[in-house]
Amino acid sequence: MKIILNGEAQDLAGPNLAEALEQAGLTGRFATALNEAFVPSHMRAQTLLKDGDRIEALSPMQGG
Amino acid sequence: MKIILNGEAQDLAGPNLAEALEQAGLTGRFATALNEAFVPSHMRAQTLLKDGDRIEALSPMQGG
Amino acid sequence: MKIILNGEAQDLAGPNLAEALEQAGLTGRFATALNEAFVPSHMRAQTLLKDGDRIEALSPMQGG
Amino acid sequence: MKIILNGEAQDLAGPNLAEALEQAGLTGRFATALNEAFVPSHMRAQTLLKDGDRIEALSPMQGG
Amino acid sequence: MRTFYGTTLSHPLMLGTAQYPSPAILAQAFKESGAGVATVSLRREGAGGEGQSFWKLISDLGVPVLPNTAGCHTVKEAVTTAHMAREVFDTKWIKLELIGHTDSLQPDVFGLVEAAKILAEDGFEVFPYTTEDLIVGERLLAAGCEVLMPWGAPIGSGRGLANPYALRAMRSEFPDVPLVIDAGIGLPSHAAQAMEMGYDAVLLNTAVARAGNPVAMAKAMAMAVEAGKLGYEADPIEARDMAEASTPVIGKAFLT
Amino acid sequence: MRTFYGTTLSHPLMLGTAQYPSPAILAQAFKESGAGVATVSLRREGAGGEGQSFWKLISDLGVPVLPNTAGCHTVKEAVTTAHMAREVFDTKWIKLELIGHTDSLQPDVFGLVEAAKILAEDGFEVFPYTTEDLIVGERLLAAGCEVLMPWGAPIGSGRGLANPYALRAMRSEFPDVPLVIDAGIGLPSHAAQAMEMGYDAVLLNTAVARAGNPVAMAKAMAMAVEAGKLGYEADPIEARDMAEASTPVIGKAFLT
Amino acid sequence: MRTFYGTTLSHPLMLGTAQYPSPAILAQAFKESGAGVATVSLRREGAGGEGQSFWKLISDLGVPVLPNTAGCHTVKEAVTTAHMAREVFDTKWIKLELIGHTDSLQPDVFGLVEAAKILAEDGFEVFPYTTEDLIVGERLLAAGCEVLMPWGAPIGSGRGLANPYALRAMRSEFPDVPLVIDAGIGLPSHAAQAMEMGYDAVLLNTAVARAGNPVAMAKAMAMAVEAGKLGYEADPIEARDMAEASTPVIGKAFLT
Amino acid sequence: MRTFYGTTLSHPLMLGTAQYPSPAILAQAFKESGAGVATVSLRREGAGGEGQSFWKLISDLGVPVLPNTAGCHTVKEAVTTAHMAREVFDTKWIKLELIGHTDSLQPDVFGLVEAAKILAEDGFEVFPYTTEDLIVGERLLAAGCEVLMPWGAPIGSGRGLANPYALRAMRSEFPDVPLVIDAGIGLPSHAAQAMEMGYDAVLLNTAVARAGNPVAMAKAMAMAVEAGKLGYEADPIEARDMAEASTPVIGKAFLT
């Protein structure tokens, strides 16, 4: 299905958030939000995706 | 009945705000509040008082 | 003779400062210095010039 | 003879500055001025005193 | 030209009426200064009916009256006071003071915005006494205020502008909004500085009323405000690091 | 009241005559501001006889003329220029400028004292352009000066008073000497501040002549100087750390 | 001694991690300065997996990490970002930035208080980036914050403390609350001044990362912060108007 | 790198030795701060031979000693004192103080230049306590001085730099001359500021000796001076009017 991941449209099978992230090749340390709502890592597997969902996967970065 | 007028207890007959103010000898330019709520001058006559009511009658004064 | 008047070489007959200034066409309100020394206006006529003398003739001007 | 040493009148035999200072019991590290003029230490012995001379003998002190 | 709810002031000095040695001196201070607005308040009538004579006095000043809600610490109190003021002084104008802190008398910006909204919706023309906070300013405008009155420094402190940098930013942030420096002025140069920054008016009281000679100080403040305004409009020179001769160098004599 | 060599100025603003867009604007700037003194200089006559028309113009201003020795770097040069100025402008007054440094145009205090002595002994009434240095000030007074003109900031910089602390000390050091802030003023508030410190006059030029609207700025500076003077005389309030309510607290209603 | 949610910092300098020429220089800046806290953020992972290497880098710094909500303009956005940060950085600490204005990056004090309440109730230890407004400070404390971080000046401006007077008032208003000057620092003297006012820490980034030599500037800032803290604790002399000889007058020779 | 008559200081803090609670505290202040120079004076020996024990104490400090001519009001007095100091302290260095004014203890720049010339010709290495006057500075250099020590503010006032603008101009005017801010420092941030302006050292005494904890303040001043120096060398960012985000904007999540 069509998923907007970090602002870019991708075609990901899902069906859940955990697998979709894996399909997108995301690894390492990051946190996720689905449709602007935080999804804790332990909830990713049980969070099902639907077409058009928006995922943000954020990593540590420089900050002031 | 007992009325607190500008912070001081007075015995005023009433029955309404307009008459009570007259009984208290208040004249000239002032605005009134009954129990911390504004009462426009044209409403004073039809505003009945009850024992223990608090009246504020305020006049023009210096201000910064 | 050769006279430097206000920084410019001129050929003036003289013989004195007063006449030299007249020959240079200087009129109106100004003060004079000869070879960097002040010469009061009443002394101009009796101040003889020699070749190479430097005259400054200064007029009123804007100032801060 | 009468000598003003550091602002105080004293009776010192002299005859020279070096001996006068010794008579006054001054020891250690200090510099001397006689009648407001500096006298180097090596000149003290050959500097004769006269009655009423003013001696300053100054030592190291706190300063800003 | 920026107006105050459609009113053009006769003079950009807004002058308080409190703390003068006498009513006569107060009246003369206004007369001599030509101040464009008089701020007033509401209090319980005194035994001698001072309120009535004061009303007479300010009516004779012939300038718009701006009642305040001085001393109010809650929205309810400020709103009620505003209503009473509107009736007594017969004006829609209200200087909205909502004090949040006793030592600094600084505005409670939360209650301020809330009260401003209530009053604006009720037809008041609100002059909010606020800080230099730009976001608060935006909220006040959104609440219906058409004037902002940031403080220069705490009321009565006479310190002058505590944060000119932020006040300058406020001026450029709200180019179309009438802005008034309210409180903290101590000297004429402070008032002039406020106007040089492009502010539209200055509101002060203590600096005049508590001066040794209030009438003279009122006049001094009025002149300073005008001077600052005129200077701002005259497009001042830029400050520069190095000197530049004013007297022309060209034509200088050679005398050495 | 402090006078300038016996002369009481009609106005405490001393205004320069250089750098104006036109003679007409210069004349109007003086007219509108009512400046009390006009500073001028001496230069080689131009082709068009500008000097003569300028003389006419300043004669018509009807204010005392203060010629300067602008651009002079040596005692000899300054003294000669002063003599020439005395004859041309027919006045004993001389603004003694002895420039010691090209970038800052700051006075050479050594040459200044020397030249001041020579000129004072020769009957001049010297207005020395000096620094805030108290010792230099004492030397200038000892040399015969009866006026001191410390700089506010470098000429033409428009920065305002660079060292108010030292200028305040100078005022209290010389209570009986007429003191003028000369140079560095950029805004009306700067001029007002100088007078609030108790100075007797302010001398400026560039801030007015180079403003977008010189006539308006001249007026603004004149008003600011008056405002500062009036404010100083009116005995201002002391600045304080904490706030103090201006509106009376007594009689405040209970509305919560 | 004031602690940050029970944590005593190893050093009162809180240093940002952005804008350095290279990760190596960033690491060295922390090493040389001994900064006590590292601020970080959350962003979308880059192609090269920079996020993972950055995580490694800051883990090795061995100092507490303070994630921020930089760039958030709404409460919702800030709260969500805080939750994500808590998971990624495994800390309850959050530097709550709620930007209200694009040019000044000044905090939106309304959203700030709201977001702070939500986060505090959710177990976060909130470090709010706020203004010098005392009422806002009270609201933030009431919302559950145990630290306040007023700005010195706009982020990245390097201007130093824009309103020392108000910041001083804030310190005395909240004697028991850890206070941090956050943003606006440009020079070591600015950082020292903040600590001399009794602040508990200084948070800065641009002044170090964008300096010609970030490592040296980091060290300079660290020393300045310590110097200011030490100076504050050492009970400084009062500033005075008049001079006072340091060298003893007694015992002075008579040599004239 | 600028040296002081060929000597490179171990530390850019020059510390006075007067007014400490006790000799032990004085010694510890030097030890803890690592100050690079100790200033001293000459006085009549006390009954207890304090001079001799003081000599022992400062000899043990292991830093160059800089004797002063504090309290001298005439050239003759200063020159004689300098000669006596050279013999007692066995150094060519002399801090030339020629006081011209009792309240401000400001230097008499006329006598200063004269005395400097006499002493320089006599082989002294003169450290003149002067003002920010550029012309005086030039005269002192011409007189043989290879160091200039402008005041920050009057001795013992603790006010910090009264005229940073002029002091900055002095630094750029004399790029190759070692410059020391002498007197007026009250807080570490003042000392840091002086070094940030590119000055080579700071000389202070009262701020340390009269602090509640002189040892701690000495250390604070030493750190502040180093911080300012390091910051200056690290090429600081320019102050700017508008804010600029430190945390990167790119990669920011979309969460609203």
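Chains: A, B, C, D, E, F, G and H, in written order; residue numbering restarts at 1 for each.
Criterion: a residue touches a chain if its C-beta (ideal position, glycine included) is under 8 Å from a C-beta of that chain, and two chains touch if they have at least 3 such contacts.
Quick caveat: nothing in here was measured; it's all calculated off a predicted structure.
Participant: Select, from A-G and A-H, the pair of chains that is joined by more C-beta pairs in contact.
Facilitator: A-G
Participant: When the contact pairs of C-E are compared by residue number, which of A-G, C-F or A-H has over half in common?
Facilitator: The C-E interface is reproduced by A-H.
Participant: Measuring from the mean C-alpha position of chain B to the mean C-alpha position of chain F, what distance in angstrom results?
Facilitator: Using C-alpha averages as centres, the distance is 62 Å.
Participant: Which integer distance in Å separates the CA centroid of chain C from that of chain D?
Facilitator: 66
Participant: Just give me the whole-number Å value for how far the CA centre of chain B lies from that of chain E.
Facilitator: Measuring from centre to centre gives 33 Å for this pair.
Participant: Quick check: how many Å separate the C-alpha centres of chain D and chain F?
Facilitator: 54
Participant: Would you mind listing the residues of chain H that make contact with two or more other chains?
Facilitator: In chain H, 16, 18-19, 41-44, 68, 70, 76-77, 80, 103-104, 106, 155, 159, 205-206, 245-248, 251, 253, 255-256 touch at least two other chains.
Participant: Would you give the residues of chain D that are in contact with at least 2 other chains, written as numbers and ranges?
Facilitator: 6-7, 33, 36, 56, 58, 61-64
Participant: Going by the contact rule at the top, pick out the chain F residues touching chain H in the complex.
Facilitator: So the residues of chain F touching chain H come out as 100-101, 103-104, 106-110, 113, 131, 133-136, 138-139, 153, 159, 162-163, 165-166, 169, 173.
Participant: Inside the complex, what are the residues of chain A that reach chain G?
Facilitator: 6-7, 26, 28-33, 36-38, 40-41, 56-64
Participant: Please output the residues of chain F touching chain B within their complex, sorted ascending.
Facilitator: The contact residues of chain F facing chain B are 245-248, 251, 253-256.
Participant: So in the complex, which bits of chain E are touching chain F?
Facilitator: Residue positions touching the partner: 16, 18-19, 41-44, 46, 68, 70-74, 76-77, 80-81, 103-106, 154-160, 186-190, 192-193, 196, 205-207, 209-214, 216-217, 219-224, 226-228, 230-231, 233-253, 255-256.
Participant: List the residues on chain H that touch chain D in their complex, please.
Facilitator: 16-20, 26, 39-45, 49-52, 54-55, 58, 67-68, 70, 76-77, 80, 83-85, 87-89, 155, 183, 205-206
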